[in-house]
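The data blocks that follow each hold one structure.
There are two complexes below, and they share subunit A, which is joined by subunit B in the first and by subunit C in the second.
On to the complex of A and B.
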């Protein structure tokens, strides 16, 4: 049976050329980049080249780039750095505010909740049924003690692109009035190589990235920091990564990340209409299935820039998400129930769609189809015909 | 001096005619349990002694707690029939109690070998004096002792103290074989445990219905089976593909009857399997009134699909009681892992609580499940433990 992989948002199919080169680099530049002998110097030089090149791809300065183990670490680093930046007394007295959306990835949502348990005030920006945050609601939630605002750039379950640039304008204006700086962070893991965006143009203070979502190796990611002075490191060690993320650098991983970004990021501009057209076609076909609900329902009416064409959320009530996932898996179609990262925890299941105003029957039957740059029209067509065969049988069983 | 464990078995020593058979079964179950360890079992007048290699003490002790038929056991010592050696052994056996400040003791001596120069009373006096002189804080209390050193003089002298409670019951296998309907829930493993305690060896059947149930739900049942295999030697899990049957039931019955029809089909399948396996009965974890399919009317109908007896050891228990036992036997934590064994798609919102037998019979007949059942039994996958 041919397998069709439509779970790229969980992890992308690795690029064989890149992973082969990563292996070669690991063997060639094996030395510790901090060592001062010949081999170490070579590795150090190579690391610098990778960093320069990666910075170019992201259109930032190389001193603004911190390599980490992935998106989750990058998100956690920004949030928990607040703990070291603010004194315990001050946290307990002033209850500094964190504002995030209710549709954040668990690696942002959970640490924010942890901080709220130890003295921070946590507010959530309201999200519309379209999956996009309501900036008017944000305006009402900014307070003089707000220290951080974070919104995911492309939501990992619905593909909704958040208006981060406008958000930044609002926050900066507010900051201008109060004279207090507010850190703006965005989780850009699902945005990199999928939609066009500019880090400097958006004005954010920090952004998280991950290599394995763009066909690079697992276990490597990055944190963009507009001004590294604004982050207090969580760990102490040998001073690597500007001391913000000490530990011997994962040189082969960093190289693989750069290579995958170098391919994926410019490709966003190459044929922007192709993936959008394919996603619209997929949505239209899925919509035809009895009981199918595209999330959000009116997705096709939105501008192409408001949704990542690589992520599509749909529900087939009353069939539970897991059943749809397993039934399609039996037929060779690999998808996820909601978000793969939260599939471990029953607590976070459905949070994103719940925040968009969907009811339990709908969010417990939601699944995510996600595409990548090797997804072909033929694969989409095969998937559609299998989905059309499978779903009515399941909804029929459910008596719907 | 040799370390041993004395094993006492209760009920089986009462069953006169079958005693030999029961003892043989118990010995073979003990051997199976410790097949990876070299042990030697000495039978003597209603009790066994196990000789085992040094370093295996803890493993033997924890294993014995899972062997039905054993009412108690105790660490013991085997020494030559020399009074000095016997005293030394008594001193060793007394030490753990003394260190726990248990200071009232007595000696119980039995002399089977009449050639031994001391009679039972004399043996007790000698050992009592010895212990009193060795541990000054001790006192003799023959009525309410904190602990007792037992001495038996046979071909060797055997001494033991500090009895540990065994699980009781009958050796697994003496009551024949049954088929346990095992789900991933709390109740059915407990039911299997109880029937094993009455000497019933069992194979389990699990009704697997992918994609409606997940691989993780199956993994959970495999884990539960592994836990049950601690109590039931040579335990076997039969995994039956149930999807097609479940779908037929869902498509052709009124939705309120779906659960009951599924239960009935499961009983019918388990009964067929039981006959193939020369089993004499089925075992379920039903508890009266716990859910709609466990009312007397529902049980009458589902039970009617088996002409073998269906044992329901939990029928009169509260959920709380069942949970406590599940905790004690170590299955609770696995049972509550969050992987459903029954897909919500098939669970009616308002199931029939008081089904009318003949109406249910008519629905069941109309489902024509026989072919699907045959096919499913042919496709059973087996996991052995």
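On to the complex of A and C.
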């Protein structure tokens, strides 16, 4: 049975050409980039080349780019840098404020909750039923002690693109009035190579990225920092990555990340309408299924720029998410219940849809279809016919 | 010119067979191990197999093994878990104590200093001129508020093996009297596959490991946790690695780590005398050079188990370390000035030797020779003749 992989938002099918080159680089530049002998300098120079090239792809300066082990580390790094920057006694005295959305990835949501347990105040921007944060609500939540605002650029469960640029304008305006710096972060893991965006144009102070979501190697990510001096990271060690991220540089992984970004990022601009058309077609076909609910329901009415065409959320109540995932898996269609990153915790399951105002029956039956750069029209057609055949049987069994 | 790589303690020359298999695994088990569809479950099962196999190599239970991005992350993870476990207000009130040595790797030394700036008290166990920590000194430094003691198992600059087993006995005895738990950590990065040791036998609560030091892939490490329940990590996210370490599991990297450990660890027991004899021979030959100082001077008088035969420290005053490294590099011999991990900070340079009681003239002229599993007698002989030819010219120029 031919398998169709529609779980690209969990991880992409790696690019074999890139992985092969990654191994070549691992052998050619095998030395520690921090070593000062000939091989070390050679590796150090190549690291600089990778950083320059990747910075060009992201349209930023190379001194604004830090490599990490992935998106989760990048998010945690930014959040916990607050602990070192603000001093513990001051935190306990002044309770500086953090504002995030209720639809953040767990690697932002969970550490923010940790900070709220150790002295910070934590507020959540309201999210509409459309999956988009309410900026008017943000306006009312900014306080003079607010130190960080973070909103995910493309939500990993619904594909909803958040208005980060407008958010930044609001925060900067507020900040201009109070004279206090507010750090604006965005988790851009599901945005890279999927939707067009400009880091400098958005005005954010930092953004997280991951290689494995765009066919690059596992275990490598990045962090954009508008002004590296404004971050005082908690973790430390040998001073690598300009003292922002310790540990021997994963040079082969960094090279692989650049290679995958170099392919994926310009491709977003090449044929922007194609993937959008495909996603609309998929949504329309799924909508036809009895009991099917597209999340958000009116997604097709939104502009193409408001949702990533690579992520589609739908629910088939009363069939539990896991049942749908397993039934489709048996037919060769690989999809996800919520996100893979919430699979370990039943508590966090459904949190995103719940915060959008959906009820338990709906969010416990939601699944995620996610596409990748190599997803073909043929695959989508086959998937649709299998889904349209499978779901009604499941809803029948479930007594709907 | 044939190059001889003697900087294995900075990073090992990767094993091409392992890297090739890593890519095969990346394609075979491409899905996210947390996904619940068929491919995800397959990846999840394979992750379990890797964990089981690696745990066997380390002679621990598989529920005691957490994969990270490397040794630096493992060390930071253990230290900063104290922040979450002990609560900020309690830390500021009680100033819990951390005891480490002055010869720790920067990824332990620097975060410990950070903790000392945010409420913890930090004490250092005295290190003898022989590079070994003084356990009598530790006895006087244990206090009822001590919460963590950490000593590196094999020092990364001198190769000195620290008496971690005896240290554990002392700490446990003290802990038994006070009834308070003290976490004992060891950075075992330079020990794995280089010296025989038993994690359970040593009695430590946690230990850090890195794959790239033993010919495995970059960007993957591990953390042994005797009792996983005793650690409450600061970083969080999708709940991977039993909630200890967030981020999509680097399955190919983890597999590569297991493969490199499976080769390196049993090899330690196969011919333990061979590498020791080679290191003694090297030391004797280097000692003959005018002005040469082996660190510690009396290293040859120690038992074979007290120094890793893979790391040898020597100084050629008054020639600055960098001059020696570059001169030998020009002759094809790749060695290190201190450790690669201290290359980014002139402040941390020399810290290890300084804490052993050496003076600036000596530690600023110290270099590290480090061997690997594939280092041959022939390479060592060639290196010796080049070193014996090069150093006297340098000391001559330096006016010694």
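Please note the rule applied: the second predicted complex is superposed on the first by the 400 of 400 C-alpha atoms of A that agree within 3 Å, B and C clash if a C-alpha of one lies under 4 Å from a C-alpha of the other, contacts with A are read in each partner's own complex, and residues count from 1 in each chain.
Operating definition for what follows: a contact is a pair of C-beta atoms (placed from the backbone, for glycine too) under 8 Å apart; a residue touches a chain by one contact, two chains touch by 3 or more.
Computed from a predicted structure; not experimentally measured.
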{"item": "Superposition on subunit A - do subunit B and subunit C clash or fit", "value": "fit"}
{"item": "Comparing the two partners subunit B and subunit C, which touches a greater set of residues in subunit A", "value": "C"}
{"item": "Which superposed partner A:69 touches (first subunit B, second subunit C, both, neither)", "value": "second"}
{"item": "Touched partner set for A:35, first subunit B, second subunit C, both or neither", "value": "second"}
{"item": "First (subunit B), second (subunit C), both or neither touched by A:322", "value": "both"}
{"item": "First, second, both or neither for A:396, with subunit B first and subunit C second", "value": "first"}
{"item": "Touched partner set for A:178, first subunit B, second subunit C, both or neither", "value": "neither"}
{"item": "Touched partner set for A:16, first subunit B, second subunit C, both or neither", "value": "second"}
{"item": "Contacts of A:49 with subunit B and subunit C, given as first, second, both or neither", "value": "neither"}
{"item": "Closest approach of subunit C to subunit B (Cα atoms, Å)", "value": "8"}
{"item": "Common ground on subunit A, meaning residues reached by subunit C in one complex and by subunit B in the other", "value": "322, 325-326, 329-330"}
{"item": "Complex interface listing, subunit C residues touching subunit A", "value": "3, 5, 7, 10-11, 13-14, 16, 19-20, 22-23, 26-27, 30-32, 34-40, 69-73, 75-76, 80, 83-84, 87-89, 91-92, 105-107, 110-111, 114, 118-119, 210, 212, 217-220, 234-240, 243, 246-253, 322, 325-326, 328-330, 333-337, 339-345, 348"}
{"item": "Residue numbers on subunit A that touch subunit B, as the complex places them", "value": "318-320, 322-323, 325-327, 329-330, 346, 394, 396-399"}
{"item": "Subunit B - residues contacting subunit A, complex", "value": "210-212, 214, 247, 250-251, 255, 338, 343-346"}
